[in-house]
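To start, I am sharing the structure in question, which I have written as C-alpha cells.
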Amino acid sequence: MSKSNRPPKDFGFGADEEMLRDLARKLLGERLPVDKLRTLVAEDHAAVYERHERQRWDEALWKEIVELGWTGLAVPEQDGGVGFKRAGIAGLVEEVGRFALPSPLVATLNATDVLAQAEGGRQWLARIADGTTATLAITNAVGSWELGEGDLSASEDGGNLVLDGAAYFVQDAFKADVLVVAAQCGGDRVLCAVPADSTGLSLVPDRIHDLTRDQATARFEGVRVAEENVVSRDAVGALERAWPSILVTVAADLVGCAEWQLQTTVQYAKDRKQFDRPIGFFQAVKHPLVNAMLDIDRARSLVYNAACAIDFDDPAEALKAARMAKSAASDAGAFISDRSVQLHGGIGFTWECDVHIFFKRSMHNQALYGDGVYQRKKLASTMIGEI
Amino acid sequence: MSKSNRPPKDFGFGADEEMLRDLARKLLGERLPVDKLRTLVAEDHAAVYERHERQRWDEALWKEIVELGWTGLAVPEQDGGVGFKRAGIAGLVEEVGRFALPSPLVATLNATDVLAQAEGGRQWLARIADGTTATLAITNAVGSWELGEGDLSASEDGGNLVLDGAAYFVQDAFKADVLVVAAQCGGDRVLCAVPADSTGLSLVPDRIHDLTRDQATARFEGVRVAEENVVSRDAVGALERAWPSILVTVAADLVGCAEWQLQTTVQYAKDRKQFDRPIGFFQAVKHPLVNAMLDIDRARSLVYNAACAIDFDDPAEALKAARMAKSAASDAGAFISDRSVQLHGGIGFTWECDVHIFFKRSMHNQALYGDGVYQRKKLASTMIGEI
Amino acid sequence: MSTPNLTAEQIEFQEHARAWLAANPAPETQIDLPLSQLELAKREQVEYYREWQRSCYEAGLVGTDIAKEYGGHGHSGCQDIANREMSRVGAPFLLNTVGLSMMIPAVLKHGTEEQKRRFIPKALSAEEIWCQGFSEPGAGSDMANQQTMAVRRGEGWVVNGHKVWTSFGQFAKHMILLARTSRDHKYDGLSFFLCPVEGHAGVTVKPLVKMTGELGFNEVFFEDCVIDDSLRLDEVGKGWTVAMTVLTHERGAAEGAGGGIRAVHPIERLIGLAKSSQRGGGLAADDPVTRDAIIRQAIVHEGIRQDARRARVPALNDHPMRLPMGQGVVRTEFEQDCARLGVDIAGARSTLYKHDDAAPDNGYWPLAYMNSYALTIAGGSNEIQRNILGERILGMPKSK
Amino acid sequence: MSTPNLTAEQIEFQEHARAWLAANPAPETQIDLPLSQLELAKREQVEYYREWQRSCYEAGLVGTDIAKEYGGHGHSGCQDIANREMSRVGAPFLLNTVGLSMMIPAVLKHGTEEQKRRFIPKALSAEEIWCQGFSEPGAGSDMANQQTMAVRRGEGWVVNGHKVWTSFGQFAKHMILLARTSRDHKYDGLSFFLCPVEGHAGVTVKPLVKMTGELGFNEVFFEDCVIDDSLRLDEVGKGWTVAMTVLTHERGAAEGAGGGIRAVHPIERLIGLAKSSQRGGGLAADDPVTRDAIIRQAIVHEGIRQDARRARVPALNDHPMRLPMGQGVVRTEFEQDCARLGVDIAGARSTLYKHDDAAPDNGYWPLAYMNSYALTIAGGSNEIQRNILGERILGMPKSK
C-alpha cells in the first residue's frame, strides 16, 4: 500500500476498493437475501431463546469467503496478507452489515488489527491470511472497554505462561480458531494468542438477543500458553494502536445495517396504505426517515474519514475520527432501529417481520466498544481537555 | 393559611386562588392585550436596541396592581400581608407570563420570599405589603447562581455596614424601591435591604434582549447600610430557604408565556394556508405543537406540585419539586419558543410579529436561576447521590 | 403516599386493604413468572395469576366500587385505594385486565341488565378471562377500518374475519369484538359484540411470536362463527361509540390496578442499574451524562403523577380532555425511553437475553425496550394519537 | 488543510493566493462591522466590504474560474482554492454573495451572450450588488406560489407585486426576480428576470426589521415597474427551471467563499465560550453534560466536512443527489443548534444584547440563535426541505 503525506480527497476509496465492495454486495445479495437469512437465523424462536441452541451460520458461504481472501485483508502484505486499505475494508464491512452476515469476519478483523500491532503476532497473522479465524477476549465481567481492565491473570511457568480467570463478552467465540487474550502478568499486561482447543479453556455461551452472532464467556483454568504465543508484553499499547481500526469496523457494520433498515422501512412506507394513502405520504413517517438518512450519511462519511486517517498513519487523528464515527454510527443505528419497528407498525413488532434481526444486530453493535455517550466522553478529554 | 399534615390533592388551589387567577386574567386581558403590549415595549426597535432608551411599562396599571394587593401576596399575614398560598401565587404569575407583563412583580415576589426567611426582614415585608417594590441583587459578574458567590463585600463601621463592589444581573432594578443584597462580611454572608436611592449606589443598565423587563448592574461605592437594614447574618440560609419559591415563580412565568406561544402558534396554523391547506394539516406542524402541549402540561403540573410542597412546609421535597418544575418549564419554554418562530415562518422572524416578545422573555427566564441542565445536575446530587 | 380527605367508608376500607394485603402476601412459586402481563405465555402462569385475582376479589380489592347486584362490593371511591395499596406492596398484576378495564366499563355504560349480571361477576373473579378484538392486519392505526364482517342471520350474526394483537386470546373465554355490520358507512357501519372464544365453533386462536421471541399476542380467525344477538352491546351501528368508551377508559386507566413487576419504581430501578454498571472506568451512576438522562426520566415520571393529579382539579384545566388524552403518548413513550436508557446504561450487558445469569435485572431492559413498541404501536400508533390530540384538543385540521 | 493532487496551475495559483492574502490583510476600520452578511445595515459597512471584494477580484481571488471574456480570470479548479485560502486567514466575507453564487451560475447556464458580458464583470468586482426576489408574503414555503405578475407590454414587461426577505435590497443595483407571467400554470407560468432596482421607476425598497431589532432584509414593492424583454433570463415560462438552478447552487455552495465572522471555527468558539463561562460553581467547560453537547456538535461539524468530501466520491454515493441535497437541512440546523448551545452555555450572560460590554463574544450567541431562523425558514423552510428529500431522494409520495 502506498502512503503519501496527505490523506486523499476520496478517502483512498479507489477502483480496487470499489471492486471488492461490489463483489461482496453481489455475493451476499445472491447467497444471503433476507429470506435466506431469516431461515438461517430466525426460523424457530424457541430454538434460540428457549432451547438455546447454538445459532446457525452458513459455513459453506464462509468457506467461499475465506477462499476470496477476506480474512487476510487486514493482514499486512509482509505477513502474507493483502494489506488492504481500511477504506476498502470499511466498504466490505458495510456490506456485511447490510446483509447482517453471521460470520466471524468482524471478530477476525478486530483480532487481526491487534495482532498486527503486537511485536510477536506475525506467525498468527500468516495463519489468519490462510483462513484461521480469531476473536478478541479482552473484556471484563461488567463489560468494561477500558483497556487496562480484565479478569484474567497470567503467571510465568518456565518459558510458558499459565492463564487463569475469564474473559467476557467474547464475540463469535464459537466460530473462532484462536482467542487473542489480554492478561495481567505481574506488572505487565501480556497479549496471548490462545487456540480455542487449548486444554483448560472452556467457552460458556452467553444467551444473547442478536441472532447473527454468538458471544461467550471464555473460562481459563490453568491454560498453558507457549512462549511463541505470547505475542506482546505490552497489550495495552497494542490494543490502543488497534483501537481506531476496531471502532471503525464495528461502525461500518452499523452503517450498513442502518442503511438496510432505512431502505426497508422506506419501501414499507411506499407500499403500506392507511387512510387510503401510502403511509410515506404522512410527514410523521417521511420526516423521521429523512432524519435517519441524514444521520446515516453522517456516520458513513465519518467512517471513511476515520478509515482514511488510519491508512495515513496519523494515530491521534485516527482515534479521534474513529470515536466520532462510532458515536455517529451508534446513534444513527439506534434511531433508525427505533423507527424501523415503530413505522412498520404492528407487523414490525412480530417475529415474522425481518426488522428485528437487524434491530438486534444494531443494538448489539451500538453497545460494543462503547456507545455514543462513551465515545463523546473520551473525545471531550482530548478536544476540550481533561476536567 | 391553614396547614394540614398532607398536601391536598388539588394542590390547595381552591376558590380564592381561582378567583385571583381569573381576576388577573381579566384585568390583564383588558389592560394589556397583545397589541397594547407591542405598543408599550416594541413600538420602536431602535429606541430599545440602538438608543438604549429605558424600556417602558405601564405604571398606571402597576398602581392598580399594587392597590389590588398583589405585592403583598407573599408577605405573611403577621407582617401585614396576605400570606397567600404559593399555589395561588403560581396561578397569578402564570397569567403574568401569559401576558408578558412588564412589571416588578416577579422581582418583588422573589425578594419578598428571601426577606420572609430573614430574621430581620419584617419591617421591609410590611412596606412591600404596602406597595414598595424590591428585587434581589445576589448574582456575580459571570451570572453564577451559587448562593455563596458574589462580588460584594461589607465592612463594619460602627453599627452600620459599608458595601463595596457590585451585584450583577439584577432583575427589574429600575423598577425597584429596594435591593435585597448579599455581601461577604468577614466570615459571614450578610443580607441587607438597600434602598435604591442610597448614596453611593448606582444602577448601570444592562442592554438586554428581553423587552418586558430591565436588568442592571448595581454598583456599590461605600454604601452605608443602617443596622436595621442588615436583615440577616445568614444570607445563604435565607436564600436557600427561599429558593424553592423563587424557582417556582420563574417557572410559572415560563409556563404562562409558553401557553401563549402555543395557543398563538396553533391559531396561526389554523389560519395560515400553504399548498391550499391550513398548515396545521401537516404533521410537521401539528405534531411538534402537540409535543409542546405535552411539555407545557408537565411543567405546569410540576409547578403546582412544587408550590403545594412549599405551602406544606416540606423543605427538601419543595426544593426537589421546584428544581423539577424549573427544569421542565425551561425546556418546555425553549421548545415552544423555537417552534413558535419556525412555524410562523417568515413573518415569525420579523419585529412586527409578536412572537419575538414572548420568545425573548422566555429565553431570559430559561436561563434565570439555572436552566434544565443545571437543575438536573443539582437534582442528581440529591436523588442519585454525590459523585 | 398521600390520602387526605377520606370518607369514613374509605378510611375503613383502606385499613381493611392494608391489613388483608399484609396478611395475604402473594404466594411463593417455582413458576417462571413473566416480566409483564404482555409476556404471559403458559397456562401455569395464568392459573397463578387467576388465583391471585380471585383472592383479591374475595377480599374486596377487585370490583370494590361495583354494585353488589353485579358481583361487586358496592363501595364508593374505594377502588383507587385498593389499587394504590396493591401497588404499594408490589402485588402481582391483576390477570383479567381487559375484562376489568375495558369490558366492564363498556357493559356498565352500554349493556343490558342481563349482560351486566351475566358477565361482570365472572370477570371480577377472573373465572372468565377476556380479550380484545379491535386490531386487524390491514387496519393498522386506522381502527375504524375494520374488515371483520358480522352478517345478520336469523336471531344471530355470522362473523368472518381476522383479528391480531389479541393479548390473552389463548386463555380467553370471551372477546370484546368490534366488527363491521355495514359497508355503507365507515364509522356507523360498526357494531360491538361480547363474543365467545374458548371452545366456540368458528373461532381459532393462533399465538403470535413477538420480536423478542416471546408469546403474548395472538391472531384470532373467525370462520362462520355464529353469535347470538343477545351478545350485541348497544345498538347496531353504535360499535364505534362503544369502542371509544373502552379506549378512553383504557388510556386513562393505566394507573394503579396492581403492579407486579411494574410496581417497582422505574426511576429507582434505573438508578439501581446505574449503580451496578460500569461506564468509562467508573460507575455509570457517577457519569454525569447518564445522571442527567436518569433525572430527565425522573422529571417525566413525576410529571405523569402530577398530570394525573392536576387532571382532577377543574380550575387548572382549560380543556377537560387535554390532560387525560395526552397521557397515552406520554406514558407509553416514558416506558420506552426508560427502557432504552436502561439498555444504554447496561452497555455490554444489554446484549444478554433474560435467561442469562449475567443479565442485569434478569434481562429486563432490552426486553422491556422491545416490548415497549407494543405500547407505542397498538391501539392506534402514537403518530395517530398525536393527530388526535392536535385535532381534538388543539383544534387543528385533520391530517387524514 | 489538505490539498493533494493539485495541477501545476493550481499549485501556482495557491502560492499566489497565499502570498497576496499575506501581503494584503483586510484593512483596519473604526466602522461597527456586522456579525454576518445578514446584518448589513449601513452604507459605510457596504462600502467597506465592496472595497474588499474589489481588491480580491483584482487579485484574482474572485471570478477565478470564470472565462476572461466575462471578466473572470480563466483558471480551472482554482476558485475552491481561493475560497479556502480566504477562509483560512479569516478574511472578511464577500459582499456580493447573491451575485456570485446565484446570479452568475444562472446567467452562465441560462443567459444570452449579451447578458453574460453585461452583468458578470460588475458582479465580480462588486460594483453592482445583486439581491434576490423569490419570496413573497403570501407564498411562504411554497415558492411556486408567486403572485408578483409580469405582463407583456410591447417590447417589455410591466411588473406589479411584492417581494419579502430581500437581503441586500437596500444596496442592490439589480434583482434576480421570479415573477408570474401566466395564471394558467403554476410552475410553467413563471419567468425569470434580471430586474433593475436602484433608481428604477416603480420599485420601492423598504427595510424590514428582524426579531432581533436589526435590519438586513427588505420588502420590495413593484408598481407598474417596466422591464425590457432583454432582461428576461431563458424563455418565458422557464422561470422555475432557472430558479432551481439558482437554489441548487445556493444550497450546495455554503462552503468556502470567504469567511468573516464565520471563518472562526464554530466548535473552537463554543469551547472558548465554555472555558469562560460558569456553571454550577465551576467552569462550563468542565461540566460533562455541556461537554457532551459540544462534542455532539463537533461530530456534526466534522460530519458536514466529510459529507462534502464523500459527495465527490461517486463510488460512495448510491444516489448522486442524496448528500448534496441533504446538506441544506444539516448545515442550517447545525448553525441553529450551535448557537442555541452557546446561549445555554452563556447562561445569565445570554440575556445581554450585542452592545453590552459584558456580553460574551460581543453578544454573538443569542443574536446568532435568533438569526439562525432565517436559515431554517427562508428559501423553503426545513419542513419543506424534508418533504423534498423524502420525495426526491427516498422516493416517498408527495405530502402536499
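In order of appearance the chains are A, B, C and D, and numbering begins at 1 in each one.
Following the convention adopted for this analysis, contacts are C-beta pairs under 8 Å (C-beta built on N, C-alpha and C of every residue); 3 or more make two chains touch, one makes a residue touch a chain.
Everything numeric in this text was worked out from a predicted model, so none of it was measured.
C-beta contact counts were set side by side for A-D and C-D; A-D has more. With respect to chain C, maximal separation of chain centres occurs for D (centres as means of Cα atoms).
The distance from the centre of chain B to the centre of chain C, each centre being the mean of the chain's C-alpha atoms, comes to 42 Å. Each chain gets a centre from the mean of its Cα atoms; for chain C and chain D, those two points are 54 Å apart. Chain C has residues 287-289, 292, 383, 386-387, 399 in contact with two or more other chains.
Those residues of chain B in touch with two or more other chains are numbered 282-285, 287, 373, 376-377. Remark: chain C residues 287-289, 292 touch chain D in the complex.
Considering their complex, residues 282-284, 287 of chain A touch chain B. Taken together, the chain D residues at the contact with chain B in this complex read 135, 137, 140-142, 145, 164-165, 208-214, 277-281, 287, 289-290, 340, 343-344, 346-356, 358-359, 366, 370, 373-374, 376-378, 381-383, 386-387, 399-400. By the touch criterion given at the top, residues 45-46, 48-50, 52, 139, 141-146, 149, 168-169, 206-210, 215, 217, 272, 274-275, 279, 282, 284-285, 334, 338, 341-342, 345-353, 355-356, 359, 363-364, 367-368, 370-371, 373-374, 376-378 of chain A touch chain C in their complex. The part of chain A that touches chain D in the complex is made up of residues 4-11, 13, 17-18, 21, 91, 266, 269-270, 277-278, 280-283, 285-287, 289-291, 293-294, 297-302, 304-305, 321, 324, 327-328, 373, 376-377, 379-380, 383-385, 387.
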